[in-house]
Structure formats: C-alpha cells, structure tokens
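In the part that follows, the structures are each spelled out as structure tokens.
Below, subunit A partners subunit B and then partners subunit C, in two separate complexes.
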Partner chain A sequence: MSENQKTILSFKDKSVEIHRDGPTVMIGERINPTGRKVVLAALKEGDFEMVRQDAIKQVEAGATVLDVNAGVPGADEVALLSQVMQEVMSVVDVPLCIDTANPQALEAALKLYEGKALINSVNGEEKSLETVLPIAKEYGAAIIGLCMDDDGIPATPELRLKVAEKLIERAAKYGIPVEDVVIDPLAMTMGADHTAGLTTLKTIELIVAEFGVNITMGASNISFGMPDRKYLNSTYMAVAIHTGLTCPITNPLVTEINTAVLATDLSLGKDEYGMRWIKAFRKRKKAQE
Partner chain B sequence: MSENQKTILSFKDKSVEIHRDGPTVMIGERINPTGRKVVLAALKEGDFEMVRQDAIKQVEAGATVLDVNAGVPGADEVALLSQVMQEVMSVVDVPLCIDTANPQALEAALKLYEGKALINSVNGEEKSLETVLPIAKEYGAAIIGLCMDDDGIPATPELRLKVAEKLIERAAKYGIPVEDVVIDPLAMTMGADHTAGLTTLKTIELIVAEFGVNITMGASNISFGMPDRKYLNSTYMAVAIHTGLTCPITNPLVTEINTAVLATDLSLGKDEYGMRWIKAFRKRKKAQE
Partner chain C sequence: MNEITVLYSNTIAGDADAVVENIQSALDANINPEKILNEGMIAAMQEVGRLFEEGEYFVPEMLIAGRAMQAGLNLLRPHLLDSEVGKVGKVVIGTVQGDLHDIGKNLVGLMLEGAGFDVIDLGTDVTPDQFVEAAKENDAKLVGLSALLTTTMPNMEKTVDAFRAAGMADTVNIMVGGAPVTQEYTDKIGADGFGQDASRAVSVAKDLLSRFED
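Right, the complex of A and B next:
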C-alpha cells in the first residue's frame, strides 16, 4: 500500500486540500454547456447570469472546487473560457478546475487565474501528454489524468493501472509531483456492460494501492441508458468513495448525490460529530422554505 | 481470507440462498409492532389484516425473507407469534426470520413452520447460548448471532470479532455448522459517536475475513437522532454491502433503501444485464400509477 497523496488547490488566499483521510471534495460540474441547451444559448448570446448563479448555488450546496467548461460549438473558446472564468471568480472564491481540450484556451485561462488550479484533463495519448504537461508545469497546476491512451480505454483494471502509471511517470519527467496528478479511472455505462461499475471500482483499488493518488470521476456516466439514474448514481458514488474516490466531479444540487457524499463521509467516520451532515440538512431545509 | 459461506433458508418447497457472490437478500422488517402504534393496536384487537398486507407488500417490493416479530406488551407472545406466523404464511411463501426473545414463543413458532427458518437471535450471553442454540439445532434452523455478550456490546471491532468467534464455536458444539450462523455486527447510532458507523464496517471486515459468514444488520439504528435518516440509512446500506453485509433487515418499501440495495448489487456486477434494477424500476412505476 502506498501512502495517500495530498493535492492542494488554491484560489488567491483560499486553499482546498484533497486527501483520502479528509472529507470528500465535491467538484461542481454544472458550469458546462454540454447537454444544457439553456446555458448553451445564454453563452452564445454573451449572457453570463446563469453561469454566475450556477457558481453561487453549487458553492452554497457544498462544492469546494468548481469545474469550468465553456465548450460552445462554433464559439471562440479562448475568449469564452476566460470570460466564463472571470464571471465565476467575480462571485465565488473557490479553486477552479479548468475543463478544456483546447491548449490555447487552457493557457489563457491559467494566465488570468491567481492560485493553483486543477486542469481537466490530460490522457495517456502522446499528443495530450506533450501538450498539456508542459502547460501544467509552467503554471504550477495540478492535473486530472484520464486512464485512456492512443489505444482507447483499456477494458481491464490492470491495463488502466498501466495508463495511470504512464501518466504519473510522464508528469514526473516534466517536474509535476505525484501528489499533483489526480487520476480518473473512467466510469463506463452499466447499461452496456453490467460489470462496468465493478471494473472502475477495481481500477480505483489498484491505483490507490499502488500510488495513493487522489481519484476523481464523473460518476453519472455509469447510469447512462438506465432508469432512475439519480438513485443509481448516488449509490455508486457511495461505493466509489468507500473504494478510494476522493474528489468526484458531480452535481451538488441533486439531493440524492449530495447526501450520498456527506453520508459516506459520516459512515466512514470522517464527519466529526456529524456536524457537516447536520449543517447541510439545515441548508437544504432553508432552501426549501 | 476465509471462503464465503452459503446459508440456505427454506419455506416448504421454496428456498433462498444467502451468499456474498449472489444478490443481497433483503429481510423485510415491517412485521413488527415495536414503534408502530397502529400495528400494535391492531394486534391487540386480533386484527391481522395489516400483518397480511405488510407481508404481501414487502415481498412485492423485493424482500425474499420476512422477519416476524409479535412482541406486544402484555400479550401472550407464544400464542400471538404463532398466529402472526400463520397469517403471514397464508399469504406469502418466503422463508421467515423468527424474531423473539421468548424461547417458548420461538419453539411454538418453529413447530408450525415447514422448512428451514432463521432465528433472530442468539447472542454471546451464556443464558442466550444455552437456551437458543439447542432449539435451533432441534428444529434445524439457522441463527442470527449478535456481537454482544454478558459484558454488553464491545466497543472495538476486534472485541466484537471475539464474540462472533464465540458464537460460531458454541454453535458448532451444538452441531450447528458455521454456514448457518449469520452474524449481526451491531450498528450503533452515529448521533452519539460519529465513528460508530466505521466501527461496524471494520467489524464486518474482520468477521468476513476470518469466517466468511453471512452478515445481517438492522441498519436504521445508525441514523437515530440524525436528520434526513433515509438518506443516511441508504448510503450506509450501500457501504455496508460493499464491505460484506449480505442480508440486511430492512424496510423494502422505502425507495431510497430499496434502490440502494439494488444499485449496490449492480455496481458490484451482481445484477446481470441490470435486469433486477430495471424490473424493480418498472414495479415502482406501476405502483405509483
């Protein structure tokens, strides 16, 4: 068993620690036009009110890091991502996870960011490694590494572990320490393969045992094509955290998901006196009033 | 690691297998007047309609074993438990878990039961061992063994493991095989001690590693005194199943709990093609129409 790594993200004078012994860090996923037509339309028209509201609401609901994605087809992502970042930073002061496949947009975003950001993402493809890792190093950012490479997404946990190893080794060559590499084991849909969830859990187990790194995941893929997704997602979230997931990319506004994260922390003895659970309950109650 | 044990319960020609590699077995907890004033009043008046309805509804909701408790203060439990058993057996054909601290009531109930029942419960107290184990042996029943003894409920997982060991050894002396001992690690309330949930999980881990026995638990204790209990209970259920719980005593009529059990099985690759998940969803939808 490897020692658990600690990833420290920051924004200005605020920092967030991601560590397996601490509370689960929710990375809010809402600032993302993908699949959200209203947000997409607003962004196209230069209306950022919804982005600001999504930022505020997610932080109120317990997200301590926010993912920021501005992938609008046809738009200039370099300008748009920077603009969205500015809007988010004008209303909340949590560290950001910069979510783009465009290196220019990534660099522009990192340039205007004050602190240590998380980059979403690099993967095991040669092109990705060579493009993203130098940028991460230059701006002192942490990175999310996806368990896929030039051959696609490996089918077995053992092969995904190999990709994680490659990501960590290559990052190290660029001077990025292992604690700044957060691995995404990739969750495939159980609708297509009912052992897909288990494969991801086993991948987490192997990677944590070998490297002790932090683990992230966009856990809603798992339920794609299945009915009653929120129940499936929230349960999978609990089991994945129990396995080693430390910073899920998720929607904290869904009560079932949010409570699953907090209840897992409490179940694992990581919520002293249950204070976070009780506080979150009061917030939910107040929000319903 | 010990090999996983298989507990087989039966009622007439129907049998249910409890095994860590198979689906989680939900033992329906509803046929119990404790804390249910309406049921208590009905039983006092000899009205068993509610008992029959509780039996039918729980089986429809996916319980494959039913716990039967007839502890009505002031009533003749020997007669009442037998009567309640008869009522249940007249409407459903699942194995029963006979839930009583009264040895006479237990024997009377076992006498009229056709098949292999589960007894709820024996514990590590000398008096309990000497009273319940011979009855279990005589009627060929399986037993639930609680991790407590003459000194109360041990505070640490290691000490609870010792009680489990004692229960298994003493059962063996009476000729009850290890696979017929189902251990309840005991879940205490996290409201009083925020590490209580973790203590129970660690107890499960130790007992499963050492004996491979099946594990049961009444998981709703865990949230006593806390707000939003159903979310806490359902998450704890998922994490506990992931740890080794195989046959929770629970309320299958609570959607959050029921889905947590099924979603955990699916997450762990134990629901082929997700068919149980989809079937349960259809049932819930139909019930809502």
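Right, the complex of A and C next:
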C-alpha cells in the first residue's frame, strides 16, 4: 500500500487540497461547449454571460475547482481559452482546471493564470508526454494523466495501471512530483458494455494501492445511452469515491450527484460533524422557498 | 406464429440464440432466404431504429438487437445469393482522426448493416487518407464520418477536403454525424448528408445512394 498523496491547487491566495482523507473535490464540468449546443453558440457569438453564470452557479453549488474548456470548432482556441478564463476569474476565485488539447492555448492560459492550475490533460502517447509535461513543469502546474497511450484505451485494469505508472515515471523525469499527477482511469459507458463500470473501479483500486495518487474522472460518461442517467451517475459516484476517486469532474448543479458526493463523504467520515451535509440541506431548503 | 414473425420479434428483443434457431427452422421449412432476411431481420432492425428514435429503446437494446442480427446473418449468408448480401450498397465508416469514441459509429454501422448495406468499418482515429484509400479500394460510393469532440470535428472537414483533393467529390457522397455535429456544420464543410442519430443515418444513407441512380 502506498501512502495517499496530497495535491494542492491554488488561485491567487486561495488554495484547495485534494486528499483521500479530505472532502471530495468537485471539479465543475459545465464550462465546456462539447455536448452543450447553447454554450457553443454563445461562445461563437462572443457572448460570455453564460460562462460567467456557469462559473458562479457551480461554485455556489459546491464546486471548488472549475474545468474550463473552449474547444469551439473553427475558432482560435488560443485567444478564446484565455478569454473564457479571464471571464471565469472575474467572477469566482477558485483554482482552474485547464482543459485543452492545444499546447499553444494551454501555454497562453497558464501565462495569465495566477497560482497553481490543474492541466487537463496529458496521456501516455509519446507526443502528448513530450509536449505537455515540459509546459506543466515550466508553469508549476499539476496534471491529469489519462490511462491511454499510442495503442488507444487499454481494456483491462492491469494494462491501465501500466499506463498510469508510465505517466508518473515520465512526469518525475521532468521534475513533476507524484503528488502533482492526478490519474484518470477512464470511465467508458456501461451502455455499451455492462462491465465497463467495474473495470474502472478495479483500475482505481490498483492505482491507489500502487501509487496513492489522486484520482479524477469524467464520471457522467458511464451512463451514456442509458435512461435515468442521474441515478446511475450519482450511485456510481458514491461507489467510485469509496474505491478511491478524490476529484470527479462533474456537474454539481444536479442535485442527485451533489447529494451523492456529500452523503458519501459523510458515510466515509470525511465530513466533520456532518456540517457540510447540513449546510447543503439548508441551501436546498432555502432555494425551494 | 410463423417462423418469420417469431424471428422478427426475437431480433427486436436482441435474443441472438433464438434468432439463430428461428433462422434454422425457417430454412428447414424451405422459406426463401431473401424473405427471411428482408421480412425477418431488416424489417426488425427498422423497427428497432424507430423505437430508438422515439426514445423507447436505449443504446444497450440497440446493440444487442444488432448483435442478434449479426449472429443471424452469419448463419443466413451462405444461403443468400451473392447479390443479396450488401445489395443496397457499400459504405465505409469510421471515427475521424484524433477521436476514439466509437459507440455512435458502431450503432450507425449496425443499423446500416441491418438495412442491407455492406459496411466497411475502419474503426476509430481514422486519418483522411485512410478514408480515401478505403473508399477507393472498396469502390464505395458512400462514406460516413463520426466525431464526438468539438476539437476533433475539424478533422471531418479535412476528410471532406481530402476526397475533393483526390478528385472523388463527385463519385463519393460523405455523411457526417456525432454529438456536436449539426446540419449547419455539415453544409459549411461541404459534406453531403447529416445523420441526427443512428436510425436517421440509414435514411440519409439511402437517400444519398439514390442520387447516383439518377
């Protein structure tokens, strides 16, 4: 068993600790045009009001880190990502998770960011390692490492563990410490393979036992193609947190997911005196009035 | 109930074992193999597509129906005249370069196969050149591109351009689909058709192929 690692992210004077003994860190996923046609249309028009609202609402709902993605087809991502980050930073003061596959956009975003960001993401492909790791090192950022490589997404937990190992080793070579590598075991949809959820859980188990690193994932993918997705997502969230997930990229505005995270934290002794649970209850009650 | 009716409902239910049994007994009863294919399975996959379009059926149900159909086809194929298999037309499909998402593409493949197309599936992360080569090699008049990510969608345009550069713009029709793809985007990149979902992709495919018959 490896000791649990602590990842510290920051924005200006605010910092967030991600640790298996602490509260689950919700990384808000909403600022992303993929699959959200209204956001896509707004960004194309240069309308950032929705981005600002998404930032504020997610933080109010308990997200302590926000993912920022500006992948709009045909747009200049370098300029757009920086612009979206500026808009987000003008309304909330939480650490950001910079979500881009474009190295120039990533670098420009890191340049204007004050603090220690989380990069989403690097993967085991040679090209990705060689491009993203030096940038992460230069700007002192933490990184999300996806368990896939030049051969695609490995089918078994053991093979995904191998990719995680490679990611951690290669990061270390660039001087990025293990605690700054957050691993994404990859959640495939149970709609196409009913054992996909289990594969991801087993992957988490292996990686946590071996490296103790923090674990993230875009957990909503798990229910793609299925009805009543919020129930699947929230239950899977609870099980995954128990297995070792520490910072899911998720939608905190969905009550089922939000309550699942809080209830799991309390069940696992991560919510002292149940204060976060009670506070969230009062907030929901007030919102209903 | 006669063999065809039972086969039809077992295909919709996605019961592969039953489908294989039904086809065997239909063959034993000397029912015309083309009739088994058309009225038993193709009609069933059409119904599966309709159920999916209307939100009655979900992805796993579509996948198992598709698998049942494939199991049935394997048994039926030797009994069909060569001209009957894939008689509707050849189609090359794949997820564009940089994108590893394959569920939507697989569903489209199953539905096209279920509609009588000969489907050549290139898998995921397919480069523009690979699409062009495969279309040439197989003499396919139809190509289907899939993408889930807004960041890989531009590779659809590159693929369309590659067909143009290869001088195949007039001989090959390209259809596109995937979560971020819209009719507007389809028109913008100069693709020929847009499939809103796997079921509607089939009618788009048929429509595009019929253009060549004029």
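The definition used in the following text is that the second predicted complex is superposed on the first by the 289 of 289 C-alpha atoms of A that agree within 3 Å, B and C clash if a C-alpha of one lies under 4 Å from a C-alpha of the other, contacts with A are read in each partner's own complex, and residues count from 1 in each chain.
The rule is short, and it goes like this: a contact is a pair of C-beta atoms (placed from the backbone, for glycine too) under 8 Å apart; a residue touches a chain by one contact, two chains touch by 3 or more.
Everything numeric in this text was worked out from a predicted model, so none of it was measured.
Undergrad: In the superposed arrangement, which partner chain does A:Gly35 touch: subunit B (first), subunit C (second), both, or neither?
TA: second
Undergrad: Considering only the touch criterion stated at the top, classify A:Asn214 as touching first (subunit B), second (subunit C), both, or neither.
TA: neither
Undergrad: As a test of reading the superposition: which chain, subunit B or subunit C, is in touch with more residues of subunit A?
TA: The partner making contact with more of subunit A's residues is B.
Undergrad: With the two complexes superposed on chain A, say which partner A:Ala260 touches: subunit B (first), subunit C (second), both, or neither.
TA: A:Ala260 sits against subunit B, while subunit C stays out of touch.
Undergrad: Which partner does A:Leu201 reach: the first (subunit B), the second (subunit C), both, or neither?
TA: A:Leu201 sits against subunit B, while subunit C stays out of touch.
Undergrad: Where does A:Ala101 make contact in the superposed view: on subunit B (first), on subunit C (second), on both, or on neither?
TA: Touch status of A:Ala101: second partner only.
Undergrad: Could you say whether A:Thr24 touches subunit B, subunit C, both of them, or neither, answering first, second, both or neither?
TA: neither
Undergrad: In the superposed arrangement, does A:Gly71 touch subunit B (first), subunit C (second), both or neither?
TA: Only subunit C is touched by A:Gly71; subunit B is not.
Undergrad: Of the partners subunit B and subunit C, which touch A:Gly191 in the superposed model: first, second, both, neither?
TA: Touch status of A:Gly191: both partners.
Undergrad: On the A-aligned overlay, A:Met226 touches which partner chain: subunit B = first, subunit C = second, or both, or neither?
TA: Once the two structures are laid over each other on A, A:Met226 reaches both partners.
Undergrad: Both subunit B and subunit C contact which residues of subunit A?
TA: The overlap between the subunit B and subunit C interfaces on subunit A comprises residues 191, 194, 226-227.
Undergrad: Using the touch definition from the top, list the residues of subunit A that touch subunit C in their complex.
TA: 33-35, 37, 40, 71-74, 101-102, 148, 152-153, 189, 191-192, 194, 224-227
Undergrad: Can you list the subunit B residues touching subunit A in their complex?
TA: It comes out as residues 190-191, 194-195, 197-199, 201, 222, 226-228, 231-232, 234-236, 238-239, 242-243, 255-256, 259-260, 263-264, 266-269, 271-274, 277-278, 281, 284.
Undergrad: Residues of subunit C touching subunit A in their complex?
TA: For this pair, the touching residues of subunit C are 58-60, 63, 98, 100, 103, 106, 124-125, 148-151, 153-154, 179-180, 182, 185.
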